[in-house]
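Worksheet: one structure, shown below.
Every chain is named by a letter (A, B, C and D) in the order it is written, and numbering of its residues begins at 1.
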Amino acid sequence: MKAFGRRVWAIPEGYIPSGSVSDAHDLASHEAACFLNTGDREADITITLFFTDSDPVGPYRLKVGSKRTVHMRFNDLRDPAPVPRDTSYASLIESTEPVIVQHTRLDSRQPGMAMPSTVAYSEGE
Amino acid sequence: MKAFGRRVWAIPEGYIPSGSVSDAHDLASHEAACFLNTGDREADITITLFFTDSDPVGPYRLKVGSKRTVHMRFNDLRDPAPVPRDTSYASLIESTEPVIVQHTRLDSRQPGMAMPSTVAYSEGE
Amino acid sequence: MKAFGRRVWAIPEGYIPSGSVSDAHDLASHEAACFLNTGDREADITITLFFTDSDPVGPYRLKVGSKRTVHMRFNDLRDPAPVPRDTSYASLIESTEPVIVQHTRLDSRQPGMAMPSTVAYSEGE
Amino acid sequence: MKAFGRRVWAIPEGYIPSGSVSDAHDLASHEAACFLNTGDREADITITLFFTDSDPVGPYRLKVGSKRTVHMRFNDLRDPAPVPRDTSYASLIESTEPVIVQHTRLDSRQPGMAMPSTVAYSEGE
């Protein structure tokens, strides 16, 4: 199948609150990037995090297999460093293969969950 | 009327929780893709679902008539297989005619509903 | 100032529930299209509504002045016919001048409001 | 690193309610624009606000450093004038360097927060 998508994506909004009304994994506050690789080759993904007052951190690395989706939580990133809580950040995503990226967020600091979602910004081939 | 839109769309984010605070059809947790076909010919839509650890499932087939909209719930897909609950998935949508696709989701696991929405990723003519 | 934007926009998702937990105008369930006209000429907007099982309804007409924004509620449309409640619809927006359109929705059927938002699909000049 | 993004962005939807269920800074109702500058030069950002019945207000000015993100709240804008509450507005964002802009909003008038998010409309180089 054709590899749909693009190789560069960006998500300017990022913020993981330290509090959550639920400890259940699926209901804990989190930020996620959902990747879809429709192509025949595995995609090597590199993520760089940007901050307000300090230098970028990265690269974080991730593989998305051929014809697979990965729903990655920024909360789970560990190497080279965990994502700081209660801190504004942004992310740049670069891939060796065309992929499609959607940003989603679950905020459960309050009992009524907020869950925004948007296809990320993309450019290039 | 001109057939606005594109023939290839993708929605990387997909997740149908098994629980819901309401059994009412309009308030049950669901994922939906809303299709608009402004053109003079019926559009044959093919949907392929992608998963994290297994091969794609599809094609699911759907028709969107000339000058009609269809708000399809992924929850209602049956053939070739229902969409597994509590499982991350992604979808690729291909159409014989240009259409426009918007992704929306209602999450009613908690009393305060979350309802993200985004125009899907598109490419091609 | 330059007239930024495009002349054709589409919002496949549309649904106005008949119920609401609040009667306050700003908290009642509604669907809105927000228009921005940055240019020097007034924009004449034409909206056509599409349905699942019946023919399109329209045109609805609206003007957005030079250097003005209009946040239009679909709930308030009257001519040629009000938008039916509890019914899926989609909208096509055509403008004589380039404009920018964002779709937003407030769903207050439950005490925790849901409020998705997305920049609409656009094409053409 | 390459300066990804574009120089012109628009957010047609804007509305800051005067009420909020929480006085905590991170939970107070707000509208935000998140900027990402991946490039090697500082970006000078100019924001113009548009209204329904009156002339545009601006320019508001903001700098986003090289390889930095700024999550700006419209609530915090002061010069040349604060953003009026309970009033519909729209914003046009122009930058000397390519940047990426995401619009997010927290509405905490009700206990279940609503938090829509969308990549803003962009055009030009």
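Note that contacts are C-beta pairs under 8 Å (C-beta built on N, C-alpha and C of every residue); 3 or more make two chains touch, one makes a residue touch a chain.
Not measured: the values here are computed from a predicted model.
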Considering subunit B as a copy of subunit C, what rotation angle in degrees (nearest 5) results from a C-alpha superposition of the former onto the latter? 90
Would the interface of subunit A with subunit D count as same or different, where same needs over half of all numbers used to appear in both copies? different
Taking the mean of the C-alpha atoms as each chain's centre, how many Å separate subunit C from subunit D? 21
Expressed in whole Å, how far the mean CA point of subunit A lies from that of subunit C is 30
Hey, what residues on subunit D touch two or more of the other chains? 110-119
For the complex, which residues does subunit B have touching subunit A? 8, 10-15, 17, 48, 50-53, 55-56, 86, 88-90, 92, 103, 105, 107, 109-121, 123
Complex interface listing, subunit C residues touching subunit D: 1, 4-5, 26-27, 32, 34-36, 38, 67-71, 100-102, 104, 106, 108, 110-119, 122
